[in-house]
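One chain, subunit A, links the two complexes that follow: it is found with subunit B in the first and with subunit C in the second.
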Partner chain A sequence: MAEYRNSDETHERSTSAQGMSRRQLMRHAGWFGGAVVLTVASGEVISHMAGSRSATAGTAAGAAPASGTLRFVQISDSHIGFQGPANTDVTGSFAEAINQVNSLGFRPDFVMHSGDLTHLSTAGQFDQVRQMMTSLRTDRVFTVPGEHDSIGDAGRAYRRMFAGGTLGDGWYSFDTHGVHFIALVNTLSLEKLGHLGNDQIEFVRRDLSGLSSDTPVVVFSHIPLFAMYPRWGWSTDDALKVIALLRRFASVTCLNGHVHQLFTKAEGNITFHSATTTAYPLPEPGRAPAPTPQVVPARQLKDALGIRTVGYHQGDRELAVIDRRLA
Partner chain B sequence: MHLNFRPSRRRTRVAAALAVAALGTLGLLSACGQSPHPSSHAGDITPGPGQSQTAGTAGDGETGNKAGTASSVPAMPHMSMPPSSPDAKAPATGDAVAIKNFTFSPAKLKVTAGTTVTWTNQDTDPHTVTSAGSGGPLHSAALTTHATYSYTFTKPGTYAYLCTIHPFMTATVEVT
Partner chain C sequence: MNTRRILICTLRWATSATLAVSGYIHAQLWGEEYRSLPVIGLLFLFQASVSLAFAVLLLIGTPPLAVRVGAAGVAAGALVGFVASRTVGLFGFTEHGLQPAPQALLSLLAETATLLLLAVWQATLIAHQRAAGPPARTHEWRPPATRTPSS
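Let's look at the complex of A and B:
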């Protein structure tokens, strides 16, 4: 096992909606934030903040059960219904991802699917993905919608199936193990980038208002809340209003999907983690004319797909994020 | 360089060297941990303020609140691929917009009132032709490869549209 620390200090504060050149993106990726420590070992990428109590955080996300420990799973971008050479069996891949969750050696407290459950928002695809997720060995399955889940109906079919207990257009929050979770919807507005809208920003403001600043906060969204690559829509145009509300908290972890690849970035107290997909890889930002599904040799496909586990031990400052390749 | 999440030998060597520094820092910092926040029933999942029930759906083991499950979801009529209209097969009467490589081409189309414009998706990804903002006339279903969508513009004006799946794809039709 080896630890990889990117020691560049970041003063990046901008999540500008302006287009980012490849070169700027490289700098962006190079910054990464001085605080993110990535541990790479046997198909896993473990990241946590340099200031965290790494030993316990690592244990929290690992297989050893411990009381008072929160462990949850993020899966993303299953695109049930996709047909193409980039993955001729997305249903099979999603079933493998579910099996992997069920074989972790611990029962996650919950599973979050961070959007693009389906490829084309059809009733059959929604029904299939919902049925598949009922076999997840966990107490609760949460979702946020992707833009592929709201084609043609502004998310109505998605909400009918998945938005019980939510507010507004499907956003919500919950608490467990001393951590506050917020699930946002940024795929419904017909904007070039992800968009939250004033109603949802007001929801976040009220939601956080009664919360102590030392409460760890986790924010889920489909499209990244940071400017990962605006030219391809990989950004949220009004996310800064939410980021501003999150600044006072000691520890904020933003987990998104959409980009079908791992990416981590720290900005002060906030760490962003883009998750990979269970369906097919997309190109790295700017590495292709458009974010089209990438066809890779069959052996490499599983390396590009995966699931994420997140651990938190009560009293720690940071969460431990482990990305695992599809087994 | 862009971060590659797959370990390579070269990177591992660099990483191992950096790990010493990183671990040293961590060792110092870890002594300054915060005390735990004791709370009862912390393992439960409870809805946030203003929410009477927990979102999400039950996993395999939950027997409690199932408000989010889809057992009562009615079968819903949904989109089907648009039939190729007669106009789509008569290019002489309709201007054509190709959807290729995540762009509408031409991105600015000029037609006269009464013209039927036909969009054809040449990508393997699905796209839509949807009026920007609300109240516009263009509302295609998701167009899979080779699927088409046609609309006859009757009133002069500039019609902005986009693909809702990839909203950075934008274009206009100007009707005179």
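Let's look at the complex of A and C:
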């Protein structure tokens, strides 16, 4: 090989000038073969090491992620009970989303459903979605209500079934893995835009008052807290008061549903992530006269639906958000 | 060992190091979570395996142009995948910003460095070839002409 090294360029030059000699062909074949063998060997080693690490973690913690690492899932807008050509089987789509969560390869610390669990807030639809979510392989399931979960009764049926142990109209907060989570309700007294109300804003103020500014904060809501497209109601009219309270924190992640499509926006240390749906797509802002369910070819429907996983390693500044198409 | 040979040797080792870093990061991410992603998981494993393979090959010796192009392709492919996953999405997979941190940033730096190092390497070889002039012509062997004595 030393001989070839010494005349590397000369060989390349002569190759182009006169074609490949037998010796050069052997040399190229050697390098190519080496590359293939080493690639396969590397793949085997990586697979083996990852497999043994999973087995160790599984033995130690029942297949839970390593301590210090938080992993949770956001699912949104399942609209159980919806009937229309945009998705003729929203229950089946939601079941697929649940299967996808259960086959992620890790057990999420919790699953958050960010609203519009049902389409028409009937008792049967609430019962069905709750039954389905009991099959999620996770430690806890959290929810926030969407406007479709409070039709006709100002959210009473939703609160009876999902809001045990919460405050006010169903808002709450909790801490895990060094992250502070706040779940807000901005769908109950909405006119056109989402609305939080003074009681809830006061709750947020008191809730955040004892936290140090380097605590990562995650805020869940159904309707976006940022002005994604106010003409379609895709904003919250008094969210700026909450945003002002959040500005002092080094890392704030706001996760919402409602708009049935992925969208991300950053404002300083605050990042907003709109999630997609498990039910049916809505048009992009301004691309249609109104935000009505979009009928897409059957093959493309799954491309528009999906779930979101969020990871956080203690000590990191930001959370890692991964959106996955429905498998 | 002249200056050019020292430079080539340094570039070879540096490229091996950046490929190894990129491969290790992709292997780590694959093992932690990404292996559960359809298609993306396989691409992560492939990227990690090929990067580590090229890193080892570069340690063994100076590879031909095809291997260097392959190494550049792996690094460029990872960069294209990164950009696609943050813009149009890649096989239904979308991520945001430089997450997961710090792996996303380190991987970007390693792959960009790989491409730059390989570009400098190639430029060095071309410059040397130009300085050396065109290759010497080899004499073609011709069969001896036979003459038939005239009668």
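Here is the rule we go by: the second predicted complex is superposed on the first by the 260 of 327 C-alpha atoms of A that agree within 3 Å, B and C clash if a C-alpha of one lies under 4 Å from a C-alpha of the other, contacts with A are read in each partner's own complex, and residues count from 1 in each chain.
Simple rule for what comes next: a contact is a pair of C-beta atoms (placed from the backbone, for glycine too) under 8 Å apart; a residue touches a chain by one contact, two chains touch by 3 or more.
Since the structure is predicted, the reported quantities are computational estimates derived from the model, not experimental observations.
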Partner chain(s) touched by A:Asp303 [first = subunit B, second = subunit C, both, neither]: both
Touching partner for A:Ala327 - first (subunit B), second (subunit C), both, neither: second
Touched partner set for A:Ser103, first subunit B, second subunit C, both or neither: second
Touching partner for A:Val242 - first (subunit B), second (subunit C), both, neither: neither
Touching partner for A:Leu262 - first (subunit B), second (subunit C), both, neither: both
Partner chain(s) touched by A:Leu196 [first = subunit B, second = subunit C, both, neither]: neither
Which of subunit B and subunit C A:Leu225 touches, first, second, both or neither: neither
Which superposed partner A:Pro291 touches (first subunit B, second subunit C, both, neither): first
Dominant toucher of subunit A (residue count), subunit B or subunit C: B
Subunit B versus subunit C as contact partner of A:Arg317, first or second or both or neither: both
On subunit A, positions contacted by subunit B and by subunit C: 4-5, 32, 38, 40-41, 50, 53-54, 262, 264, 303, 316-317, 323
Complex contact set, residues of subunit A against subunit B: 2-7, 25-26, 29-30, 32, 37-38, 40-41, 45, 50-55, 68, 84-85, 107, 109-111, 119-123, 126-127, 130, 133-143, 147-148, 150-152, 157, 160-167, 172-178, 180-183, 190-193, 206-207, 210, 214, 231-233, 262-264, 284-285, 289-293, 303, 314-317, 323
Touch list for subunit C against partner subunit A, complex: 23, 27, 30-31, 33, 35-38, 45-46, 48-50, 52-54, 56-57, 60-67, 70, 89, 91-97, 99-101, 125, 128-129, 132, 135, 138
Residue numbers on subunit B that touch subunit A, as the complex places them: 1-3, 5-7, 11-16, 18-19, 21-23, 25-26, 29-30, 33-37, 39, 42-62, 65, 67-70, 73-76, 78-79, 101-103, 123-126, 128, 130, 132-133, 139-142, 144, 162, 164-168, 170
Touching residues on subunit A, where the partner in the complex is subunit C: 1, 4-5, 8-14, 17-18, 24, 27-28, 31-32, 34-35, 38-43, 46-47, 49-50, 53-54, 71, 103-106, 262, 264, 266, 271, 273, 303, 306, 309, 311, 316-327
